[in-house]
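Report on one structure; see the data block that follows.
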Amino acid sequence: MADLRIKIGKMLWKNPVTVASGTFGLEFAELFDLSKLGAIVTKTITLLPKPGNEPPRLAETEAGLLNSIGLQNPGLENFIKNDLPEYQKFDTNIIVSISGSSITEFSKVIKNLDKQPNIDGYEINISCPNVENEGIAFGIDKGIVYNLISHLRKITERTIIVKLTPNVTSIEEIAKAAEKGGADVLSLINTVYGMAIDIETRKSKTKNVIAGYSGIGIKPIAIQNVFRVAKVVKIPIIGMGGIRNISDALEFIIAGSSAIAVGTQNFVNPFATLDIIQGLEKYLNEQKIHYHDLIGSVR
Amino acid sequence: MPYKLLPIFKKELINNKYFIITFSDYEMADQCHPGQFFRLKNPQQNFPILPRPFSVNNIQDKQTSFLIKIVGESTKNLFETKIGENISLHGPLGNGFKIARNKKVLIVSGGIGYAPFPFLLKKLEKAKDEIVFFHGGKSSDDIFSANVINFTEDGSVGKKGLVTDGVEQFLQKNQVDIVYACGPQIMLKKLTEICKQFNVDLQVSLETIMACGIGVCCGCAIRIVENGKMVYKKVCKDGPVFDGYTVVWDE
Amino acid sequence: MADLRIKIGKMLWKNPVTVASGTFGLEFAELFDLSKLGAIVTKTITLLPKPGNEPPRLAETEAGLLNSIGLQNPGLENFIKNDLPEYQKFDTNIIVSISGSSITEFSKVIKNLDKQPNIDGYEINISCPNVENEGIAFGIDKGIVYNLISHLRKITERTIIVKLTPNVTSIEEIAKAAEKGGADVLSLINTVYGMAIDIETRKSKTKNVIAGYSGIGIKPIAIQNVFRVAKVVKIPIIGMGGIRNISDALEFIIAGSSAIAVGTQNFVNPFATLDIIQGLEKYLNEQKIHYHDLIGSVR
Amino acid sequence: MPYKLLPIFKKELINNKYFIITFSDYEMADQCHPGQFFRLKNPQQNFPILPRPFSVNNIQDKQTSFLIKIVGESTKNLFETKIGENISLHGPLGNGFKIARNKKVLIVSGGIGYAPFPFLLKKLEKAKDEIVFFHGGKSSDDIFSANVINFTEDGSVGKKGLVTDGVEQFLQKNQVDIVYACGPQIMLKKLTEICKQFNVDLQVSLETIMACGIGVCCGCAIRIVENGKMVYKKVCKDGPVFDGYTVVWDE
């Protein structure tokens, strides 16, 4: 059997397959044993509860999904009380995705979470395109990204994953700033800005007008971003954006991802992550290649 | 809420707008409660991406059926999928209707909003309720049963007019304890106003676009007034059935 | 019958439907009368002939097309000699798409073309993602865009259309720079950076690795860009990116496009432009709305 | 090159890898030349987006047929499209084979590369050529006719071995004026080396991914040596048939 173990920052994953923040939750435990995943990434948590954006929040386009959830979440306190203990039951790496509107807020969240046991890493969501002044201001400016991450680096020993937005001119610049700031891992991509209009009512299909585009339609964009970032950083990349099955996952790995995350596809086939883990073993055996040699092996 | 691949057991065309699709699975049939829904998708179809939610229409001889209106790509594809081919089914999902016991019940449906009621009817009959069923549609195509009081906008079948007008008249003359309703937003909104006048309990089943169907994505939010405050609730998990008086209707 | 005429810069179009540069040519005249179009945009021409990129140059993805043509074109002289006279035979607006590696080169091309009759406008391709140092350097920097366009503005009286790339952090900034420089019209979007990998050979599916992504998969991205740009400029927008039919076209118009262009879909249904012109008349009649009132009418 | 919607007139399954699809249209049949191709698409299928190129396989009684190998989504969809349903056809496109007259001709095909030759064969016979036809495949599934000299890699039908080995032996003993070939790149490359030794004219039909099919997009470029210089030519317009000796083969 192929060895799928991989070091992601300070974590050891039993396999390189995880889930994209906001597309997965404890509810999936009714369908399969979450311990089978290399890691679980929670939905993004903020210091205070957030009600989220006005509905409608979803629209399906011809080749993907638009969402403007607006980081709806119960807030740090409720998360620690209700959700975290449940996550901690699983024998896998728990990564808490966090966001904030200021460096102080980010710091507060991490300081609080650092007191909790069995959290293996933080994913810093600097890229969510749905919430004004939350995330977005950070993710598009390399100076701000550097400041934020180097600040957080001083606070925590745990693995810091920085999640990048594709909605920038040079994702390389942002990636390098995050690495220089002390990030252990990068994850990409967050959703692409998108919009759809109902031609009968002439209204935007999501109330928030500009939404986040995910699913198979963004896959070529995501692979391209992974490829570019992998060329300029030394830290590992968690690749995502439209991954549905093993062949999509392999594209990301060959492009330079050390691990991959399934997002929108969790809504379509909740077992997609498991299928990919299986498919990966099969591919490695067939192609007689070690997992580590596959990463970034594009010719 | 299991996720299963099941072959289509039966398919019945009602007319060129509606069909019923049936699956035979004991476990599935036993778990369902009226008002709950399943997410259906033909796994062979790549686009549209998302499974679509459909209410349990009826359960008979351990067979679970869905009444489906052909409105777009997914419903068309479900219609075209042949008997014996596999469909993925995720469910039962959602809360479902609260069953009244020994009450005077009025069911009100509009168009495809008829879908969840045959199953509810069965349970209400067992609960010894006294039931009146009003259904409205645009024309005879949108009428599903001769055993209910039908309204059509064009008068082609049943009474001519809107079902809500019928309800208003009925409530003026008859005492009713609880109203169960499903249909277009505009109908439900009107119905809420009417029921309020008569101070009747009101359970409405709502629709929104859904991604996960199980409370994960927060995509299906609607506005509900809770303790005097507007909050977002999830149609998939907190609903699809809500107390009609708490719903903040769209403009 | 609905009045579809619209002023685009200094041109009057008989209807708001044209074609995207590089996806259309004289060859289509065998299929329908090109005079039916509001305008024809030629493929991008450079001063000297360009051989284009190494093959393979195309890959179809799950929801779109990747291309890395590399601006293959016969060069200005051959274009003027062989192609232009053919284009001039059609009773429609002829827009020549041009690119260059320096302001001087752009200027030379425009000076030459300005001597030719029956050219109605120039589309300045500052956005082609396939050719290093050609286009790409211009399109992502607002200062450079302003310099280029204000320079070209002094040279020609004809309509200047600036074609924007979506691969930037703020398309608004670039759009405003082009408008300030003297552009009469903006067209958007050019292709989105994309990439696909053959998992058997582990090679990039296009030799040039990073390619341009077009087709239905980019539609939500394009509509979003049109919406954002329409908010900040006064000049008209030609919208494109994934348009296949009347309903796609309407989304772009409602989002803020004064005209629309069909690209990749020309390869699928060569009559798509004509279908859209017809569909537009039908929609305007049904909705009882004037074309001008539809533009940017999103609520 | 017209663009037409035509109903499928006939469909024949050869085995689970190959089928023949036939259209009945006089105008279309009259315009075709061997080696030319059409772009086919089921307009009901949204994805994949692009029409796919297929060589004219044969023309008989004004009916045009295509021999198609099921390799992916589009070919699968064409196979599944029912008789009577419409397919869009764009063509005939490309240059086609140059017809030799009163020559000694050798046809060499590999796998689905067999497709253009039944039609070419007809024209060559009319041109009074002396024809030998070598075809190679992986196994018996890839053999289309008993009237040609077949090679299979597994020896299940015909001679065991590669068709190119057979060609080499044949050319050592027989004089040939011209070779027509179509098949995998690796076979055509090998064949070019062989033919060179014997100084035989060589026409090869090539494949690339195509977007427009008519010379507009420049997407189908291949490398050709012309006057000692490497240039890009378009397979769709300058080809698909090229002088084998001018082609710069991939590594």
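Labels for the chains are A, B, C and D, by order of writing; each one numbers its residues from 1.
Everything that follows uses one rule, which is that a contact is a pair of C-beta atoms (placed from the backbone, for glycine too) under 8 Å apart; a residue touches a chain by one contact, two chains touch by 3 or more.
Bear in mind that the values here come from a model prediction, so they are computed numbers and not experimental data.
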Query raised in the report: What is the distance, in whole Å, between the centres of subunit B and subunit D, each centre taken as the mean of its C-alpha atoms?
Result: 55
Query - Whole-Å separation of chain centres (CA-atom averages), subunit A against subunit B - result: 36
Report task. Could you tell me the distance, in whole angstrom, between the mean C-alpha positions of subunit A and subunit C? Result -> 34
Requested in this report: Enumerate the residues of subunit A that touch no fewer than two other chains.
Outcome: 62-64, 216
Query raised in the report: In subunit D, what residues contact two or more other chains?
Result: 46-47
**Report entry** Arrangement of touching chains [line / ring / star / complete / other]
**Finding:** ring
Requested in this report: Sort out which chains touch which and give me every pair.
Outcome: A-B, A-C, B-D, C-D
**Report entry** subunit A residues within the subunit C interface of the complex
**Finding:** 61-64, 66, 140, 167-169, 192-197, 199, 201-204, 209-211, 213, 216-221, 223-225, 227-228, 242, 247, 250-251, 254-255, 283, 297-299
Query raised in the report: What does subunit D use to touch subunit B in their complex?
Result: 46-47
Query raised in the report: In the complex of these two chains, what residues of subunit B are touching subunit A?
Result: 1-3, 41, 43, 46-51, 88, 90, 208-223, 231-232
Query raised in the report: Which of the residues in subunit A come into contact with subunit B in the complex?
Result: 22-25, 27-28, 30-31, 43, 51-52, 55-60, 62-65, 67, 69, 72, 215-216, 264, 266-271
